[in-house]
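One chain, subunit A, appears in both complexes that follow, with subunit B as partner in the first and subunit C in the second.
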Partner chain A sequence: MGHTDRAPLLRKLFNFHGGVKPNANKQQSAAQPICTLPLSREYVVPLHQSIGGTPQPLVVAGDRVLRGQRIGAADGNVSSAVHAPTSGCVVAIEERLMPHASGLSAPCVVIEADGLDEAAPRENFDWRSASPDAVRDYLRDAGVVGLGGAVFPSHLKLKANNSIGLETLIINGAECEPFITCDDRLMQEKAREVIEGVALMAHLMQAKQTLIGIEDNKPDAIAAMQAAAQTAGQSNISVVAIPTRYPAGGAKQLIRVLTGIEVPHGKRSTDYGVQCFNVGTAFAIRDALENGLSLTTRVVTVTGNVERPGNYWVRIGTPMHELVEHAGIKPGTERWLMGGPMMGIPMPSLDVPVVKATNCILAGSAELFAAPEPEMPCIRCGECAQACPADLQPFEMYWHSRARNFGKAQEYHLFDCIECGCCSYVCPSHIPLVDYYRFAKSEIWAREKDKTAADQARDRYEFRNYRIEREKEEKAARLAAKTAAGRAAIQASQQTVTGDAAPSETADDPKKAMIAAAMQRAQAQKAAAQPQNTEHLTPAQQAEVNDAEARRARARELADQDAQSIGKTSPSADTPNKMAD
Partner chain B sequence: MYNAPYLRQNNSVSRVMLKVMLALLPGLAAYVWQFGIGILIQLLIASVVALVCEAAMLRVRNKPISRYLLDGSALVTAWLIALSFPSIGPWWMVALGTAIAIIVAKHLYGGLGQNVFNPAMVAYAVMIVSFPALMSQWPAPHLSGAEQWQLILGNERVLDAISSATPLDALRTGLHSGHGTVSTVTHGHAAFGWLGGQGWEWIILGYAIGGLWLMQQRVITWHIPCALLAGAAAVAGLLWGIDSAHYAAPWFHLASGGIMLGAFFIATDPVSGATTPRGKLIFGAAIGALIVVIRTWGAYPDGVAFAVLLLNICVPLIDMYTQPPVFGHKKD
Partner chain C sequence: MISALLVMAIGAIVLGAALGWASVKFKVEGDPLVDKIDTILPQTQCGQCGFPGCKPYATAIAKGEADINQCPPGGDEGVRKLADLLGREYKPLNAEHGIEKPKSVAFIDEQTCIGCTLCIQACPVDAIVGAAKQMHTIVADLCTGCELCVPPCPADCITMEPIAETVETWKWRYPVFELKPVVTTSVVTTDHPTRAA
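This part shows the complex of A and B:
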């Protein structure tokens, strides 16, 4: 099997545009083997630790849990389960501060360890004979998510595009961020397990070839992985040394470097025949499928301004302060970052738990990270555009974001920005460019939310109008049906009286029919109403009326005679009325 | 509290401007060597006026004075003005030009980073339109320091004895008189040297060396200088190919006047120039072509300032139509 060790020399690599070369600062934490952190007294396990839905708690306060026991069930398929990191008692399910810059809280299962660290019975699962769907469900319930930092549920990614298959499975061991060495140490110490995990994934996805990309500043990890691949006899797994340049470990950049394929923003890489996983994820998948172990521990680098920088096996839910106290807090630490110096997020406090996304805890001091110099105006020098690995024009996005011209910022592909920080790193005017993009993105999301709300309100309003219209029509239809019946009756009665109605002309036109019916009703009412005034009269009144009628008749006769005699028309109709008034 | 990235490259606007000034030194040294100390006096006048105007405008605009004054951008403008103006012009000419550049072309447009036009070229254009005669009096080689001092700061100007036409001017006048050809005009004329103007060849070489160093330092990219020189050479070459008797050779154009200063130091001003790679090529090539067109048919002997200003106007359009494809959207 000379293939694996010669492949790095023969393989054609591709270049990605831009990128920067900050001082790697890896040696501080990379030299020592991974230590295991002693058991804590209390663990805080956030329920939401992956992209997607928040798992439902499966336990209540007072329950005893065992290590590896599922305590939160995946909420739908785009979600991932969470597990107890040790045996103990659930003391609360409550909101706790999250390792997030916002300082927000989220529901957590708080477990008081009993010190026994008793494991839950392992489920017998033979992944080799199980269907692919069953394997994916198993991994979802084992809580396996991407350990590179994005915590995307792994089971969702373990599926090739059916029509084109998977040409290349890419395993990301680049670890391009300065200071972080957890993948480096894992590959050195657990190369065999990682390679087994990779082989397992390649098998599950039916990958034609598998490439493990490692930056060439990690020669020990490259050697260990090459040896392990050779020992395992995996001839279609190649360990490839790639040039050290941040952000070569970005999934899209690594895919580009190894295959030349550029996966556009918003597209699935499997549609291009590639898929990318972190080496830590490969290890976790093997642990889940071969050992029945759900994801309850991970390697975390603790480095920067600490007494003993190094890597630790840390149980998920360990309070961060315990981990950093173990590494030794040094005076002068101004901030604690989760992640590296390029993309890391500042922790609101050390009372937050270590989560599946925690690859590194970096203690920042004024010596390590100088305070930013005052921001100067952009001089359009274009350094940012030369450094951008997404081929964007960062200064244009900056101008438009700053002017709150967000539509224009989007035209310059704001959402293709991966926030790697290269532009801010090189900017001679010390403009915090990425902050402007984060601001613009959040504003656009807020506006979209508002727009959605407005759309919903408009939809409701339009539906209300439609409903009113519909009710009107229904009412009209009911009325038409009623009047049709009424008209038939009236027709029947009228035909007996006059016999000159023409119902056949109007029958097919409901409006005309209604008008006709209404007129008929009015006539009928009029006819019925006319005598009403003189009904129920007393005999004296009746006599008066009769008198008046007689006078009228006489007057009419006289008028007719006048009219005839003088040859002009007389307002004969008025006269009696006036007289009657 | 500030956010990631927490690492910053050791770079600043002042550093960029300082590098530009360092890159001007070889050309400046050659200038002094060939034409004496006049240019140093002009440089000093321009620098003082630029700093005073910059400070005054920053004060009026309520900006932090020391931070912006130290960014070096005003000094770069001043140096470029001094180097593009005749070095024996009266002191007030370079002073007035610098004041116009800093006050009008820079700060009235919004200060650093906001100016649409190259400030130094605005100054040049305003002055050559206003004082065409004074702006055309260039020093004859080996003029003594005392004479230059007298010319710049004195009240009387005794010109004919000491000033000389530039090669571009001489050629232009010679050809426009009707019966000269390039060879009859240049032959035996003191202003002409081996390739371009006598003495100017060294200065132009100095600018080119400084410009290449700026490229190596990644302060500028190759696009604009190369496109500009290629654009000028192409148009000049075409004309020369058609009629070499009446049009100067392309190497004469490249070795004369302000073209090398323009290619490496003026057209590469990032604020007023194109920013995309393809845009920079178009921007540079168009300036180069226009320089030769203005030199050949225009009313002024050199055309760098007008060519740059004309293309400054086109920058938003050029940038808009030359946006490079982003990651994942390239057509291979």
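This part shows the complex of A and C:
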């Protein structure tokens, strides 16, 4: 560690295939420092904000919650907890409109802020002495997910491949998508914290080297990060400027540029000793482990057709309209995108909350974005294949997706498509190729789900048939065993009764004997089962019963006498025994 | 002459033995075609096709005793897949066997349920829990929506509820370009990337 071999002056960089160079449009929002958004009156925190299972709510309507208090517990390991963004009262847990292209609702915890912004007591967690598994569980419960946009739970990624370890930890500060500047500003303003987070992750994963890739159109961020790395004395963290080309910030593309490794289809980057995290995630991990702060806030770029484009520290759950009102809505805004112009998804309305995946809100107007041109037939020019950074054949996938020929589309590795939008961008026929891929992907997922359900139903049906069959057999076997046992018992009893004498008729006919035996048993049972409510009587009750019994006996005697005396004259005169009662 | 006959005879014996051995060694259990058909069928075991389950229907199709358009839960797509597999002509779903309905699950009104267990006995996939004189309930994740539990219920407390779309099950729609009135003036396009909404 003594001799610091700083980043080589000329690091060899590699090239990824394809890509495009759209107008960056970053200057609008990159100049101003990050503002902190004032507290809202109401926060809507969706329970499901990451890849994986939907967290289970830990609060009910009426509960008071504090800032950073866990309100949704991770559902299994592939899931991530959610937390209250401020102190206040839980008003409801109900379905609210989600920032999702579907325009559908999902369960959310609605919190009415009390304005005090009281923080929950911090949990003392010493990550340095904790086991790696404990650290990962802690991060899961702190709700840390990938803030680059994919919201994949970070604790699942903080694990090197056991057999080969981690050669290179890559930190993604490329921010290649036009308009978005949240990572740029974060790196400029919080360089020290980000570097600390990066060092922490490198320590957790035992990374041999760490590369922070930043596109060369962000010289300020590069300088700030380099200075911070130098100050921190982290010799094996190198800040690397990479050429600006969309989508250099895609995980696979950045890995390719920095290390030359091309992660093949169906493999993970950790299989090649590489793992990739976003700079925002590094900041969040440091916040969670060093400060005990769960993920309740993030930087969001608001840009496009707004009065004051810029970056904001926004609490998760803030209504999106409050955020954009703060930035100033300009007339002429036709649509709102969450994300950038290349990969962003249109918002159904602004009555949706800001979530962990919200890196940018982009106001689109007619001047800023021309209306999409009508789709024309594919002319097989191959531009899309030239532009595809995943080395796919977009036109083939398009034909098959369009024809709903999903099996064929999958053969062309549809699921390796990262939906970056380069193909749609270069298409001279203005075909919305990515829309076709999204359509095909969701259809294939739905079919796979149906297929799994059908297979499960078949298994259950077959098991049910097997069970019914087995129960039938078991019943038959039980009956046979019982019959045999009965037969044996009768034979044995007859042998003891009659000794060695000649077998009686019943022995010849065991069935008859069994019936007789069964009848005997039934009679015995009947006798035994006489209703008796004469236990535990008080002396008075006993006396009454005795009295009644005596009367009954007397009556019976009298009746007998009567019958004897009258019997000769009128035999039909049966004594009514009501006297006895 | 004799040697030629011998050679032929030995050849016949060797080949015959090889064929005999192969027929024993590579014996196929069951009909692979039936299994292929069975994987296409939706496994609701609803019996709407007129056979007591998906496997018997698959067997009947393989034998040519049943047509490929008798499975309403499989729907139009199922018929197309069967037609593809069997090289038969596609035909629309036979309405005699029912119509294609949106996927739904059974729901027991627990206030009305008398706990008779008749629906439990009817359920082909064991998706109903309950016991005699105890309330019954459907395990919605396991329910295939076959409707077999509906007729036996003496209290008429089972209804079929269509499955609502959620954010997780929502599917991207087939891209359709919205038709708008033609604008004659050419629009100045900026160099920003745009994506058709």
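Throughout what follows, the second predicted complex is superposed on the first by the 441 of 581 C-alpha atoms of A that agree within 3 Å, B and C clash if a C-alpha of one lies under 4 Å from a C-alpha of the other, contacts with A are read in each partner's own complex, and residues count from 1 in each chain.
Methods note: contacts are C-beta pairs under 8 Å (C-beta built on N, C-alpha and C of every residue); 3 or more make two chains touch, one makes a residue touch a chain.
The structure displayed is predicted, hence computed values, not measured ones.
Engineer: Name the contact category of A:438: first (subunit B only), second (subunit C only), both, or neither.
Structural biologist: After superposing on A, A:438 lies in contact with both subunit B and subunit C.
Engineer: Between subunit B (first) and subunit C (second), which, if any, makes contact with A:342: first, second, both or neither?
Structural biologist: Both partners, subunit B and subunit C.
Engineer: State whether A:424 touches subunit B only (first), subunit C only (second), both chains, or neither.
Structural biologist: Both partners, subunit B and subunit C.
Engineer: Which of the two partners, first being subunit B and second being subunit C, lies in contact with A:378: first, second, both, or neither?
Structural biologist: Only subunit B is touched by A:378; subunit C is not.
Engineer: State whether A:393 touches subunit B only (first), subunit C only (second), both chains, or neither.
Structural biologist: The answer is first: A:393 touches subunit B but not subunit C.
Engineer: Per the contact definition in the header, classify A:142: touching subunit B only (first), subunit C only (second), both, or neither.
Structural biologist: In the superposition, A:142 contacts neither subunit B nor subunit C.
Engineer: Have a look at where A:285 lands relative to subunit B and subunit C in the superposition and call it first, second, both or neither.
Structural biologist: neither
Engineer: After the superposition on A, what does A:101 contact: first (subunit B), second (subunit C), both or neither?
Structural biologist: both
Engineer: After the superposition on A, what does A:267 contact: first (subunit B), second (subunit C), both or neither?
Structural biologist: first
Engineer: Show which residues of subunit A both subunit B and subunit C reach, each in its own complex.
Structural biologist: Residues 20, 22-23, 101, 178, 341-342, 344, 346, 368-372, 374, 421, 424-425, 430, 432, 434-435, 438, which sit in both footprints.
Engineer: Where on subunit B does subunit A make contact in their complex?
Structural biologist: Its residues touching subunit A are 1-9, 11-13, 15-16, 64, 67-68, 71, 73, 111-114, 218-219, 221, 270-271, 273, 275-276, 319, 323-330.
Engineer: Which bits of subunit C are touching subunit A when the two form their complex?
Structural biologist: Residues 38-39, 41-45, 53-54, 124-127, 142, 144, 165-175, 177, 187-197 of subunit C touch subunit A in their complex.
Engineer: Show me the residue ranges of subunit A that touch subunit B in the complex, using the header's touch definition.
Structural biologist: Touch residues, subunit A against subunit B: 16-17, 20, 22-23, 101, 178, 252, 256, 262-265, 267, 337, 339, 341-346, 364, 368-374, 376-383, 385-386, 389-393, 395-396, 412-413, 416, 421, 424-430, 432, 434-435, 438.
Engineer: Residues of subunit A touching subunit C in their complex?
Structural biologist: 20, 22-23, 25, 48, 98, 100-102, 104-106, 178, 335, 341-342, 344, 346, 367-372, 374-375, 421, 424-425, 430, 432, 434-436, 438-439, 441-443, 445-446, 449-450, 453-458, 460-461, 463-464
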